[in-house]
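Listed after this line are the structures, all set down as structure tokens.
One chain, chain A, appears in both complexes that follow, with chain B as partner in the first and chain C in the second.
Moving on to the complex of A and B:
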């Protein structure tokens, strides 16, 4: 029982982390209708940005965290204005391929700089202490900090999307780009905003994953795969769906790793995906009949 | 006038396939260098999988991102039945390998074809990763992370395909069958069905085409050839391990098709040749070669959607235009919008 509670909380922190990464993908897909495979490398580069600012320069974790968000947000805007703008009108295959190309380019750059695969730690607040519940439940402070950060991010995201004018323009664009443009919404500005937020969410996920584990040049692939599965599971483009799906996946993953073994834990996301595809291809919150 | 001089489409096809056969024979006869022969063998093995995959990705427009998994299944079935568990003959195992990949692909196709577009690609990506994890962890069959080694070279009677020169014959014959069967499918009713699916699937279904059957058929077809390619890969490498069948190997097939030219049969083959030799050229750059390949993909997708083969055709058309033979150059594609 004690181990179960501990794994539940660890799974929650991992799942929330994945949900942050997936929310960035879901937002970009929901508003802009593009799947950005390079998102995985934004997560990885976010980790390295945090590493450089926090560990190498030697500042507080949150300085690195916000630096990662800002830099990855700007990188998102740069990708939008050079590549995804052209891709938006193209078929799905073109979008996936070109973003795969970007994935390779960014990955190479990171390998070139940090390719020795040394363990690169990022100090996170809360690593020094742990929460003791009852007799032998011990929960790392860093996990609790992660959960707190992700909660803050989701509240912030909710506020931006549903309570501000900018958010309204984004939702209008998601519902119908052309109509929104006719209503005087500037398409380019919405696009830049969406990619900034998406990139920043990816960067913050990377910062937290870097804090919990280590920063490595190949750390983007696993979260990318999980995020892709999460947005299918949650329903393409649905932010709430992404959060709930991320939580379910993270908790299931941790419980399986703990009780069955790490190899089977890796199979969990795919098992979930297969069941979702069989039972509800449109995802938890997707509209029925809108599969493609 | 000039059109009269061009042979009919059947005659052109026969000439084309004779040229392909002649090229294969010439390559076998002329390339003496073992290293170059080895490159040709691995390019040929890749082509066996990539040309049929081009039908799925290019003609039908369903970009599967997990083909490397099927290559792995083909390879590991050979590994398991010839060394790991049963020590049977390669030729006895090859049909087993084909049947297992076909059954696996057919089973998963029911799930995967509930999806379209992005969803399909992500679903196949997950399938590829799932198969990779199976190779890595199911030690009884695959030998786990260390893989299987000591796979025998196939033999017919006394004739063992042991040297590179002999193995090339095997690869060339199977490549010819793979390419020919893909061409045969693409030119007839199946090809028309595939392009109908690519252009407007719902319309095709509404007009009475059994869309799911065709999609499943092509998916299984591509998977079986991927499995055969894997079987040959296993026999060529002698030892196999999971690192050859990662998601990256699946991406590579997609890259071959897009760089070579989607929606054509020659395109994927040209892509394989081009990237095999590009790999040799840029091998000295170490990690940078991924950057070169990645940039190439982005540029191709954004600006040259026809890929290399599209570029070659465009140049040929320009050249023919220059000497006033434009109509003849257009003739092979009557339906194309000019």
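Moving on to the complex of A and C:
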């Protein structure tokens, strides 16, 4: 029972981390209708940005965390205004392939700089904050910080999307770009903002993953894969769906790894993906018209 | 005539098809003007050019003496030119009230009343309530567009366009799919808006209803203006009779 609770908590923290990564992807897909594979490398670069600012320069974790969010947000805008804007009128496959190209380029650049694969830790606060529940359950401070940050991010995201005019314009653009423009909404600016927020969420996911594990040039691949499964599972373009699906997958993954083994744990997300595609292709909270 | 909308020489070609041919006309301030023509006459393309949904090849569009033809569509909307579509284009995941509020963010009312800023949402709610009451949509305020009847959906579309606080409203086929009673239900609302000072351009092919509603009519055929005048003048125009009765050739 103790191990189960411990894994449940670890799964929650991992799942929330993945949900942050997936929320960025879902937001961009919801408004822009593009699956941005380069998001994986924004997660990786977010981790390295935090490593450089926190570990190499020696500042507090949160300085690195916010720097990663800001830089990845700006990189998101740069990608939107150069590559995706030009390709927006083209078929979805062109955009997907272009984002794969960006993924490869950014990955290659990271390998040139950090290709020695040395362990690069990011010092997360809270080492002394480990929580003891009863005699046997111990939760690392880093996990607590991760859960706290993701909760804050989700509350902030909910506030922006559902409680501000900016969120209303984003939702309107997601539901009908042309109609939104006829309501006076500047679609291009909304798109840039969405890419900024999506990139910043990717950067924050990278910063937290770097804190939980180490930063590596290939660290963006698994979260990207998981995030893709999460947005299909949660419903394409649904933020709430991404958060819930992220939690479910994170917990399932951790429990499977612990009780069955790490090799089978890697199969869990794909098993879930296959079941979702067969039983409910629109995902948990997706509309029937928005299938994977 | 004090024209709020002045269109000069508007043209658009799609490949070999000349969809709109050098159309020019004015809409007087406070007027209820109609644009009629059979299906395929180029009416919707014309509306798309005026609202910059499509870019014209040639021609100018002036709203209140300000050029619209060189602005993107969102700026045309902010300048006060609103429209509705033939098909329902309400935001499908938002309630009726939320659809109206979205239109208020950048509409004319927002500019004057600061609706873009948080803390001033009281005015937004007041205006939403006003529009819902006016169109008898209060019971449907929290309904999604998919749960509305055709009549309620059309009313909601017009209310959404009015939430922009436009200077001029263009309604594309507003009576499509309506019975005569339903059409006149909407007309009563439009007439009340006109009394409030709103200028409207109605685009439809239903001659009978348009003749009754509009003060002045333009007739399009094959992308060009065929006739213009009061309903009685248009009704008596031989070219119009030929087009509508199919005796053209």
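We take it that the second predicted complex is superposed on the first by the 287 of 292 C-alpha atoms of A that agree within 3 Å, B and C clash if a C-alpha of one lies under 4 Å from a C-alpha of the other, contacts with A are read in each partner's own complex, and residues count from 1 in each chain.
Note that in this section a residue touches a chain if its C-beta (ideal position, glycine included) is under 8 Å from a C-beta of that chain, and two chains touch if they have at least 3 such contacts.
Just so you know, these numbers come straight off a predicted model, no measurement behind them.
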Sticking to the clash and touch definitions up top, decide whether chain B and chain C on chain A clash or fit. fit
Output check: A:8 vs chain B and chain C. Expected answer is one of first, second, both, neither. What do you get? neither
Which partner, once the models are overlaid, touches more of chain A's residues, chain C or chain B? B
Would you check which partner chain A:131 touches, where first means chain B only, second means chain C only, and both and neither mean what they say? neither
Which angle, to the nearest 10 degrees, do you get at the Cα centre of chain A between the Cα centres of chain B and chain C? 90
Return first, second, both or neither, reflecting whether A:187 touches chain B, chain C, both chains, or no partner chain. second
Could you say whether A:281 touches chain B, chain C, both of them, or neither, answering first, second, both or neither? first
Answer with first, second, both or neither: which of chain B and chain C does A:155 touch in the superposed model? neither
Distance of closest approach, chain C and chain B, by C-alpha atoms in Å: 12
Across the two complexes, find the residues of chain A that touch chain B and also touch chain C. none
Show me the residue ranges of chain B that touch chain A in the complex, using the header's touch definition. 57, 61, 63, 65, 111-112, 114-119, 121-123, 125-127, 129-130, 133, 136-137, 247, 251, 254-255, 258, 262, 287-288, 290-291, 293-298, 301-302, 305
Within the complex, which stretch of chain A touches chain B? 35, 83, 86-87, 90-98, 100-105, 107-109, 111-112, 115, 221, 225, 228-229, 232, 236, 263-264, 266-267, 269-270, 273-274, 277-278, 281, 291-292
Would you mind writing out the residues of chain A in touch with chain C in their complex? 164-165, 168-169, 171-172, 175-176, 178-187, 287
Per the touch rule above, chain C residues touching chain A in the complex are 51, 53, 72-75, 77-78, 82-83, 85, 89-94, 98, 101-103, 105-107, 116, 118, 160, 164
